[in-house]
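Two complexes come next, and they have one chain in common, chain A, joined by chain B in the first and chain C in the second.
This part shows the complex of A and B:
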């Protein structure tokens, strides 16, 4: 709870950013230092995703986690990414500009940027001295992190005895890294690590969409999602749900960018984030399938050239989780599959409609997500009427598949009651994946509708 | 005056809705986050550190005594029983798992010599059980010598 702990967290996140910049260099490079500044949020999230994956591998192969290995793994990832970038012909811009370029800030960007900064500051103050009240947080997420911090690895007793055996240790590893940098297993200041993740996500979305959509569309949509009651109350909880949503939203956004630009770097980035999502929570597999399947369906006309790439992206993302799955089997831990089993859905048909109704009533619940989902529906309709059909199809399919996934999450687990009560059914947290994706879905859809209509004239 | 067709009107409507609701709820979000920050900063150190445990451990002092008495490398176990007073509906079900979180790196084991007794019958623990700390709620911490 001390200032030193906060300084430690700043250092950790600076390290994640530095590694992420190297990963971004390997992925796409940048044409100017201003462009790197614009993509700094994406770079940070690349650092979190790539180091998170490496830490899961490291722990799986019984390599202890310490400050030395945190720095060592970062150096390995960073150097490897830079070598890949050089090999692919990426070069740094001629020289860093010592003089600041003339600042061209629109009124909209200045106003909404200021509002967002004030909002993030308020989140920081609220999280700064927050206690650990959430049941899942103190019952297994943070204990797992403490076990990694105190014992160096996936301690047999704690990882077998705690709930959520099948959940991969990406978030506990990140929390353990935070403990190392804070110098203590401080569960109070730990909330601020999730503030950095929220900041990184916001920065990544803004950086990726800047120049692609009108500012008012981007900032309006972003602000609306940030002020939804669920995001306000739960964004900084030291659990895996929000990081899962953030990884998924970024992975699906990069897939959307790839669909438009056919830029290979975007598909590689999507693969990275979807793999990180799969290693954050088991729901990441389902969400990854939703994003990739939506992309596969809308690229049917170019199946021959595009499907192999999408299939490869899916296979690589899934392959990155194999060591963890092997460890689960080797240690005889729960696999995390649906309670009802493979065909068990059919023997619980009576839960199908209530599960779907629960999903829809959660997504459209004004007291949880305000009007975010109705707005998404409106944007998809606008996209179909006058926008880019392929992108509108991707957005619609992604939404429908996510609804199916949310429904399945209740239907396939008969022990879950049909309720939005967070203590007994994770449906509210799970629906956050689609809601965070609306941050970019809505502006892209509306910008398309607006642009295509203007071009038609 | 530029003509606005239905499609443009749809986009405009979406922008107005998003921005309008965003700004209204922005003010509410800031007020709420301010309240949360005030509430958190008004908490005592122990209330903040124990947090979720406050709804089940009955007496904060027990948690701090456990940290002080049980060496970090020593295993411990939590025994519950019907002699506990002022228990909450959550105490008997969750107190053991909360101590597992709070007392790390100490390990819970079934045959540990250190025992945190929540209303348990001390006579069941044997004659070698020496109480090091106890309170009026029936909570005690001791060791089998």
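This part shows the complex of A and C:
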């Protein structure tokens, strides 16, 4: 750990941000520089998602990973996104004046924003000297990253010998990029890369929800999730679980925004994040299906106009993972499908109920997720009673499908014991996807209910 | 006007409070090389340490030099304090260790007898 390594990480994340700003310009543009500031977290996550996808493609096609290719791929993505934006008629707003009117900040935002900042400062302090203790992190995520850093690509023999062969290399590629910018394979300072991702996720959610929900609901919900024991302990672990959850939560949030506003940019953004989730962990496919299926069901009345777009989004997201799937087949690596096989669930029916019970007991475990999921259930009920039925339906279906997916993850893998022990069953980490989504689900649901009640009066 | 700045002031105060409180207790402290050394005393298994290095190349060169003059099973490994030590493990007693240190001294090595880390 050294100051130089931290400066290197800052440089990498600035580069991801710059590329992400270009992607955001291509996606939607911005009406003012203040709006760009508000969406800077989203821009950063767009940079991580888009460059992550490009890096997976790059490695799949045996293009080595070096500082030159990290910059080169960023330039290609950025220029392509800007050209698309210009083609779609996006223009930059007038340059900011030197004497801009002062930005207003509410008391609630100051207090909760300050608390969130203190939380992030504490996480930074903990991550700065964190050891590489998490089993999956040292057994294959970081070794893969080191191999990419040292050998430049996916060394066939090395990757064949590691566990988790079917996991796509988005996170190892990001970690290898971090090593390049730090100047060494520093597995301690590497934790801070995941701090930047957490910061970006928090910023993206705040930026997307600001103005849509009351501040107290937004900040309260965000802080509640951030202080859950599992997030506190595992958010900076150098493995793919949290980035998967972050991509999924953002993808599902953008789908929700698309459902309300019908803004095409939101659907394109959701496609980007769901594709990135699929290239982060194989669970990303299941979560992507959950989000898209929930959106498909609640748009049934407008099926003719909306379903083709949703189907296209799903197909594009899945298509972006094809090169990686081809590589798995070409190198005769594990595909990562369910251990029980296609119809194997039926021959393991005895695991169905224990798997569901494990999922529910994990989601409702106070020592893991505090009261986040009970609050989500109450918010969904409030939404159905006095909110927007379509959005409440989306939230309810998304939650139910996620519970089904978590249950399936234990049921379809008979070698996994029915336990929350992280070393032998990933159920706790997997449930993080729904929990991170509650950061926006709860405030949107409650804000809707409140708005409708106020209108009734 | 004052009301407009008050939330910013509150935010700044909260944001700065954590680093100020943390840094008031001093910056993180790491054990020095000296604090990582536990000299051998009494009976029990020991290890003979040929030297500690920050640089792996220097540690490997020292090990190779020791191997070249006939010592065997000399390893290079981290000492848990950020240094690499060139070490021979499993010396059964202090008496055997002293004999070994004397032998090493005769061929130009300064060997320190230490208790292995627990």
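Just so it is clear, the second predicted complex is superposed on the first by the 455 of 457 C-alpha atoms of A that agree within 3 Å, B and C clash if a C-alpha of one lies under 4 Å from a C-alpha of the other, contacts with A are read in each partner's own complex, and residues count from 1 in each chain.
Assume a residue touches a chain if its C-beta (ideal position, glycine included) is under 8 Å from a C-beta of that chain, and two chains touch if they have at least 3 such contacts.
A quick note: this is a predicted structure, and the numbers were derived from the prediction, not measured.
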Practice prompt. Superpose on chain A as described above, then tell me if chain B and chain C fit or clash.
Written response: clash
Worksheet item: Which of the two partners, first being chain B and second being chain C, lies in contact with A:67: first, second, both, or neither?
Response: neither
Practice prompt. Considering only touches as defined above, state whether A:138 meets chain B (first), chain C (second), both or neither.
Written response: first
Worksheet item: First (chain B), second (chain C), both or neither: which does A:79 touch?
Response: neither
Item to complete: Look at A:217 in the shared chain and tell me whether it touches chain B only, chain C only, both, or neither; answer first, second, both or neither.
Response: first
Practice prompt. Have a look at where A:378 lands relative to chain B and chain C in the superposition and call it first, second, both or neither.
Written response: first
Practice prompt. Report for A:111: first if it touches chain B alone, second if chain C alone, otherwise both or neither.
Written response: second
Worksheet item: For chain A, which side has the bigger count of touched residues, chain B or chain C?
Response: B
Discussion item. I'd like to know which partner A:129 touches here: chain B for first, chain C for second, both or neither.
Written reply: both
Discussion item. So the two structures are superposed on chain A. Out of 42-50, 78-86, 96-104 or 114-122, which stretch of chain B collides with chain C?
Written reply: 42-50
Discussion item. Let me check the overlay on chain A: which residues of chain A are in contact with chain B and also with chain C?
Written reply: 115, 118, 122, 125, 129
Item to complete: Mind listing the chain B positions that touch chain A in their complex?
Response: 5, 7-8, 10-11, 13-15, 17-19, 21-23, 25-26, 28-30, 32-34, 36-37, 40-41, 43, 45, 47-53, 94, 97-98, 100-101, 104-105, 107-108
Practice prompt. Sort out for me which residues of chain A touch chain B in the complex.
Written response: 1, 115, 118-119, 122-123, 125-126, 128-135, 137-139, 142-143, 146-147, 150-151, 157-158, 161-162, 185, 187-188, 216-217, 220-221, 223-224, 226-228, 232-233, 370-371, 375, 378-379, 381-382, 385-386, 442, 446, 449-450, 453
Worksheet entry | Residues of chain A that touch chain C when the two form their complex | 102, 104-107, 109-111, 113-115, 117-118, 121-122, 125, 129
Discussion item. Looking at the complex, which residues from chain C come into contact with chain A?
Written reply: 4-8, 10-11, 13-15, 17-19, 22, 28
